[in-house]
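In order of appearance the chains are A, B, C, D and E, and numbering begins at 1 in each one.
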Amino acid sequence: MWKRLESRFHFFAMATVTTTPSASTPAPKSQAQLILERNRRARRNFTLSVVASWIAMLLLLLFLFSGLKLKSSAAGTQIAITKWVETTGNKQKQDETLFSLPVGIPSGEFAYSTITLDWGFVGKNFAFIRDGIWQTIGISALSIVTATVLALLAALGRLSTFPPVYALSTFYVSLIRGTPLFLQVIFFFLALPQLGIDLSGLWAGVIALGLNYGAYMSEIFRAGLLSVGKGQREAALALGMTQSQMMLRIVIPQALRFAVPPTGNEFIAMLKDSALVSATGFVHEILWRAGAAGKPVNRNLEALMIAAVFYWFMTISFSALQDRLEKYMARGDR
Amino acid sequence: MWKRLESRFHFFAMATVTTTPSASTPAPKSQAQLILERNRRARRNFTLSVVASWIAMLLLLLFLFSGLKLKSSAAGTQIAITKWVETTGNKQKQDETLFSLPVGIPSGEFAYSTITLDWGFVGKNFAFIRDGIWQTIGISALSIVTATVLALLAALGRLSTFPPVYALSTFYVSLIRGTPLFLQVIFFFLALPQLGIDLSGLWAGVIALGLNYGAYMSEIFRAGLLSVGKGQREAALALGMTQSQMMLRIVIPQALRFAVPPTGNEFIAMLKDSALVSATGFVHEILWRAGAAGKPVNRNLEALMIAAVFYWFMTISFSALQDRLEKYMARGDR
Amino acid sequence: GGGATEAPKDLLGQIMARGTLVVSTDPNYAPQSVAKPDGKRTEGTKCASDQLTAGELEGFDVDVALELGKRLGVETCFVTPGWDLITAGSWADKWDISVGSMTITTGRQQVLHFTSPYYYTPAQFAAAADSGIASLDDIANQPVCVGVATTYESYLNKKFDDLGLPESSIYAQPPEGVTVIPLTSDQDCAQSIGAGRTDFQVYLTSGTVVDQNIASGVPVVKVGSPVYSEDLSVAIDKSHSLDPTSLVSKLDEAVKAMHTDGTLAKLSNQWFGIDLTQAPNK
Amino acid sequence: MPIVKVSNLDKYFGRLHVLKNISLEVAEREVVVIIGRSGSGKSTLLRCINFLEEPDNGMIEVDGISVPATHRKTREHNQQVHDLRLKTGMVFQEFNLFPHLNVIENIIEAPVTVKKMSKEQASEIGMRFLEKVGLAAKRSEFPARLSGGQKQRVAIARALAMEPRVMLFDEPTSALDPELIGEVLNVMKQLAKEGMTMAIVTHEMSFAREVADRVIYMDEGCIIEQGEPEKIFAAPADPRTKQFLERIR
Amino acid sequence: MPIVKVSNLDKYFGRLHVLKNISLEVAEREVVVIIGRSGSGKSTLLRCINFLEEPDNGMIEVDGISVPATHRKTREHNQQVHDLRLKTGMVFQEFNLFPHLNVIENIIEAPVTVKKMSKEQASEIGMRFLEKVGLAAKRSEFPARLSGGQKQRVAIARALAMEPRVMLFDEPTSALDPELIGEVLNVMKQLAKEGMTMAIVTHEMSFAREVADRVIYMDEGCIIEQGEPEKIFAAPADPRTKQFLERIR
C-alpha cells in the first residue's frame, strides 16, 4: 500500500517540476505532453480515490466504536443520532439526542446502536499501556535477530550433505514447529533450570521466541536459498570460490533479499506473539499492561483497543521501514 | 525431511527389483552397473545416517525428560544412573540406583539430573487430552478454509484497478495484521453482540482466526499471483479470455501451487493458534483440555507435554499430506 | 534468582542476605492487587530491574505482602507470572512466595507449603440483573460460568476432595443439574454478561469480585448468601532448591501476629469495606 | 479490402515514444514479415494489434471490427477488444503454454471457456490442429516434457484451435535451439501455403525471403521501408535497412 | 605437452550414460570448437573439465594438475579441484553475473575473496580486462541495466581477471539477440589471437570456421570425429556429422 502510494507521490513531485516551464511558456501542448498528462491524471485519481476510501473506512470504524445510536423518531420521518450519557447528579444514564436528520418519508421503526467505550478509562490508562511499546519492540527485535540466525543455520543445514547436520536441522524444525510456543516459553523458563540452565524471564522468552520463529523462518530462508539459481553457484565455484565463500558472498546476499518480505510478515506477527513472554512475570509489554489495566475494572475491550492502536501503529511504521529495505536491496534490479 | 526420505525409500524399492536379476545371473557386472550401485549405496548411507541421527536425538530428548540422574559414585570411578522414587509406606522419596557404569579413571564428583515428570498423571489424562484432536483439527480446518477464501479475495483486491476494492483490501490486511489475534477473538465474542451480531464461541473463533490468517496469507497469495508470469496472462487474454476467466482458469491454479508450501506453514501455526478459540469457553480443543487436566492438580508441564506430542504428531502427518499435495500439483513439472 | 555472595543455608537466609522478598501476585484482581496506571518505581529500591516495586501496585494482597516484608526486615518486590504457573508449583527459584489470595486446596498442598490463612472469602453466586434469577433454587439446571481450574469449578463439579476445605467452611450444597462453563478467568464471566452475551446468566466467584463487578458498573446482582468460604493463604514452593521450612514458619508467625494486632482487619476494612479476616463458623 | 488495418497508431511507455503514427494494412491471405533492430517497436506493434498493449492514439481494425484507442476502459471498449481478440491468434517467443495443463487441455481451454464449446467437440477440433502440427501422439504430455520446438508447435495449434482470421507471430523461433527451428518454420510455411493471413516478427531472414509476401523494416518506432522480400533484401532503399541487414549477416 | 588432458572420462546421470569413455587433449594456445546435437553431452564434457560435474570415471589434467574421478570427496580431492578451477575460466550461456554486485564488483569478487588480493589491486586488474572487452565506461552499472551482449562481455572479463590458463565457453552467444552476437564473438576472436587456450561449444558455424584450430563433433556422448574446420565443414567423414551440419544450415 504505502510503497505504491509513495512511488505515486514521488511521481507527483517530479511532475510538478517538469510542468512548470510549460506553464511559463503557454505554447500549445504536443500530443506527447497531452498523453503524458492524461496518464498522470489517471494515476493521481486512483491514488486520491484510494486515500478517500481509506479515510471513509477509518471513519466507519470510529463510528462503530462511537457509542452513538441511530434511532428513527417522529413517526419514522427522522433519524436521530443519540449518545448514552450520564446525567449529572445521579448515576443513571440516558440517551441524549445529538442531532436528527429528517428523512421525509416514514422509514419504519428502527434503532441501530454501536459499541460504547469508556473513554474515561482510555484517557487514564493510555500512557500506562503505551509505556510497554519499548518492551514489545525490544523483545521482538532481540527475538527476530535470534530467529534469523537460527533460521539461516537451519536452512543451510537442510542443504548439508553431512547426515548429523541435516538430521539436526530437520529435527529442530519439526520439533519446534510441532509444539506450541507457549509450552516452549514455559519450558525455557521453568523446566530448563532442572537441567542446570537458569534463564531470566526475558531471556527465556527471547530464546523461546527466537527458536520458534527460527523454525518457521527456516522454511522461508530455504526457499530463498533455493531461489538463487544454480547458475549463480556454478559461476562462483568456477571462479574458484569454496563452498562457504560461495554461500557467504553470492548465495546468502541474494537469498536474504528474497526473504525480506516474508520475514517482515513474521516480524509483524512476532510483535504480537511477544506478549506470551509476559507469562513469565518479568516482562511487562503492551498486552500485559492492557490486561493489568483492563481486567480488574472490566474494561478489557477498551484496554485491548488501546493496545491495538499501538500495535497497528508499530506495524505500519515497520512496514514502511521494510519497504525502504526492499528498495535498497532491489538496487541491482533497476 | 519426509519428502526427501520418502523419495529415497521409493528408490530402494526400485533398486531391489532391478538388482534381483543380476543376482540370479552372476555375470561380471558392467562398469555402468558398478557406478550405479556405488551412487545408490552412497544415497542409502546418507538416509540411514539421517534416520540414526534422528533416533539418537529422540532418545536424548526422552532422556532429558526421564527423571534419571547421572551421579559419580565410588570415588568418581563409577557413573550411577539413579531414579527418584517413592519408597513404599511413607511418602518420602529417595534416589534408587538403576545401574552403574564403571568408568575406571576417577572423573571427579559430579551429578547431572534431568527433568522429572509425573507419569501417573500422563497415563490418566492421555485419552482426555487426545479427544481434543478433532476439535483442534476441526477449528483449524474451518478457519483455514475461511482464511484461504479471504486471502484470495484480498490478494485479488490488491491487484484491482477499482479504488474502493484496492483500498478495502489494503485496509483489511493492514488493520488485521496490525492488531493481536487475541483482541480479534475477544472482539468477535464480546463486542459484536453490541452491534447486534451474536456469534457462538466456535464461530466467533473461526471467523476471527480466518480473518487473521487471511490477512497474513493474502501476502503469500499475492506473491503467488505475481509469480505467474506476464506471459501466462497475455496468452490467456490473446486467446480471448476475459479477466476473470484468465484469473480462475490460468492464474489462480498456478498461484495456488506456488502458495502451497507457505500455506502449509500457516496451517501448522494455526493448529496451535486455534487454542485461542478456547478463551471463549465453548470449545474444548487440545490445549484447553491440557489446561483443564493439568491446572487443578498442578501438572501443567506434563499436560502441555502430552498436548505437544499430539501437536507434533498432527504436524508431521499434515506435512506428509502437504508433500503429497505438492507432488500432485507439480505433476506438470516432470 | 539469587544474588547472595556467600551461599546461604536456606531460603530465609537467602532472602535476608539479598535484602528483598520476591512475591508473585496476579495483578488482575481488584481490589486484591492492581497495577497502578500512574505508578512510579520506588526510589532507591533494591528490587531487580525486571521486578515491580511497591510504588507500582496497590491492593489488599499488595499491602499484606509489603507488611510481611517489613516484618522480615527486607524490601518486598513483585513479579507477575501467569496464575497457572504460580499455582502449579515448581517455580524454579524464580520467586520466593506467593501472596495472591490463593485458596488452600488438596492439590496445591502437594506442591506448595501454606501458612495459616490471612483472610477468608465467601464464594458467591451472581446473575445478570435482568435474568430474574433471585435465589439459589433458580440456579438449578442453568449454565454457570466459572474461572477454569478454580475452586469454584471444583465446587460445582462436587469435587470436595480437590477443594480440601473443612466441613465447617461449606454452607450450602451445589445446585443440581448445572452446566459448568469454565472461562479463562473469573473476570471473563462478568465481562461476557456485561457485553450482552446470553450464553449464561449466572456465575460463581469470590464475593469480593462480585462487589467489584457491581461497583464497576456490570449489571449483575448477588444471588443468595455465600455458599462456602475459602481459606486464603501465603504459598511457598516445596521444590525450592533451598530449604524453605524456616521461611514458612517465620511467615506463619508473622501472619498470626498480623491477625492478633489487628493489622489484617484494618487492611480488610480499608480495601473491602468489611472484615474478612475472621475464620468462618457456620 | 484489407483484413487488418492499423491507422495512425501512437504508443508511449512513460515518456518513451515507442510507436510513432504507424499506419499499416494487411490483405487477406497475405504474409507480412516485420524486421528491425531490437527495441525498434516490432513487438509493441504486434501487441497493439490485439490490444495486449493499449495504444495511446489511433485505430485498429481486424476483419470489420474497428476499435479506436481510448484511455477509458468502458464496458463497450472491453467488448470490442474481446471480439477483436477472437479474430486474432498470437504466438509468443516464450511459448507461454499453460504448465498446469497437458497438451490437449492447453488446446481446448479457450474453445471451452471462451466459446462455450463442449469438451468433446473442442477435443475433436484440437486433435485436428494437433495432427496438423504433427504432435497428435503427445496429446496427454505436460508441456515441461516437450522440447522447445514441440512446445511452440503446440502453441501454434492452440492459437489455431480458436479459428482466428489472422495469426500474429512474435519471434516464434528465437528461444529455440538451432536444430529445432526448422520444425516450427515448416509448420508456419504450411500455414502460409493454406492461405492464413499472418504477421510475423522474426530474425530468420531466409525464412522471410521464402514465405513473405511483404517485408517491413522498422526503426525507432517508424516503418522505414517495405516491399517484396527480393527488393528489400537485395536492394534496400534506406541506409538503415542496409546497415541492419549487414549486421545480422 | 597438452595443457588440457581428458582421459577415459565417463559420466552418468542416474542410468543415463552421458559421456562414454571420452579422451581429449588440448594443446597450449589451441582453440577447440565442440559441435553436436542437443543432448549429445557437449556441456557435460566442458563442465567435467572444471569439475562442475563430478565425473564417474577417468581423469582430468589441466596445466599439470591432474585430478582422478572419485566418489569420495576427501579434503585432498576438494583441494585439487580448487587448484584446477583456478587454472580454468568458464563462460556460461546465461552469463550468470552476480545481480547484487555492479560490474567492477562482479569482476573483483573472486580475485579478492579467492586470491586474497587487495581491492585496489584487483580493481586495477579488473579495469584492464574491462577495457579489453570495451566496457570500461560501465564499471559502476548493475548487470540488470546491461544488454545481453554487454553482460556476456563482463562475464568474459570476470573470468579473465582470475588469469586462467584455459577458457571454457558453453554456448556463449545462444542467449543473445542476433545483433548482439557479433560483439561477443569479436572479443573471443581477439582472445584467440592473443594466444589464449580455449574450448568452445557453439552453434555459430562461421565463427568456428574462422577461429577454430580444431573442430570436434560429438554425438550421444562420444567424439565421432575431429579435425581442421575446413575438413569437417567441407567433407565430414561420418554421415551423422554430415546430417547435423545440413540440419543446422
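Keep in mind that, in the parts below, a residue touches a chain if its C-beta (ideal position, glycine included) is under 8 Å from a C-beta of that chain, and two chains touch if they have at least 3 such contacts.
This is a predicted model, so every value here is computed, not measured.
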Separation of chain D from chain C in steps, with touching chains one step apart: 2
Both-way neighbours, i.e. chains that touch chain E and touch chain A: B, D
Most distant chain from chain A by Cα centroid: E
Chain whose Cα centroid lies at the greatest distance from that of chain D: C
Chain C and chain E, separation of their C-alpha mean positions in angstrom: 79
Whole-Å gap between the CA centroids of chain A and chain C: 37
Rounded Å distance, chain A centre to chain B centre (Cα mean): 24
In chain A, residues with contacts to at least two other chains: 186, 190-191, 194, 300-301
For chain E, residues contacting two or more additional chains: none
Sequence positions of chain C contacting 2 or more other chains: 85, 90, 191, 195
Contacting chain pairs - touch in the sense defined above: A-B, A-C, A-D, A-E, B-C, B-D, B-E, D-E
In the complex, chain E residues that touch chain D: 37-38, 174, 177-180, 182, 203, 206, 244, 247-249
Touching residues (chain side chain D, partner chain A) in the complex: 10, 12, 14-15, 17, 56-57, 71
For the chain E and chain A complex, residues of the former touching the latter: 50, 52, 82, 85-86, 88-90, 92, 94, 96-102, 109-110, 113-115, 142-145, 155, 158-159, 162
Residue ranges of chain C touching chain A (in the complex, touch as defined): 1, 24, 27-31, 34-35, 37-39, 50-52, 79-82, 85, 90-95, 185, 187, 190-191, 194-195, 212-213, 216-218
Parts of chain A lying in touch with chain D, wherever the complex brings them together: 31-32, 35-36, 38-39, 42
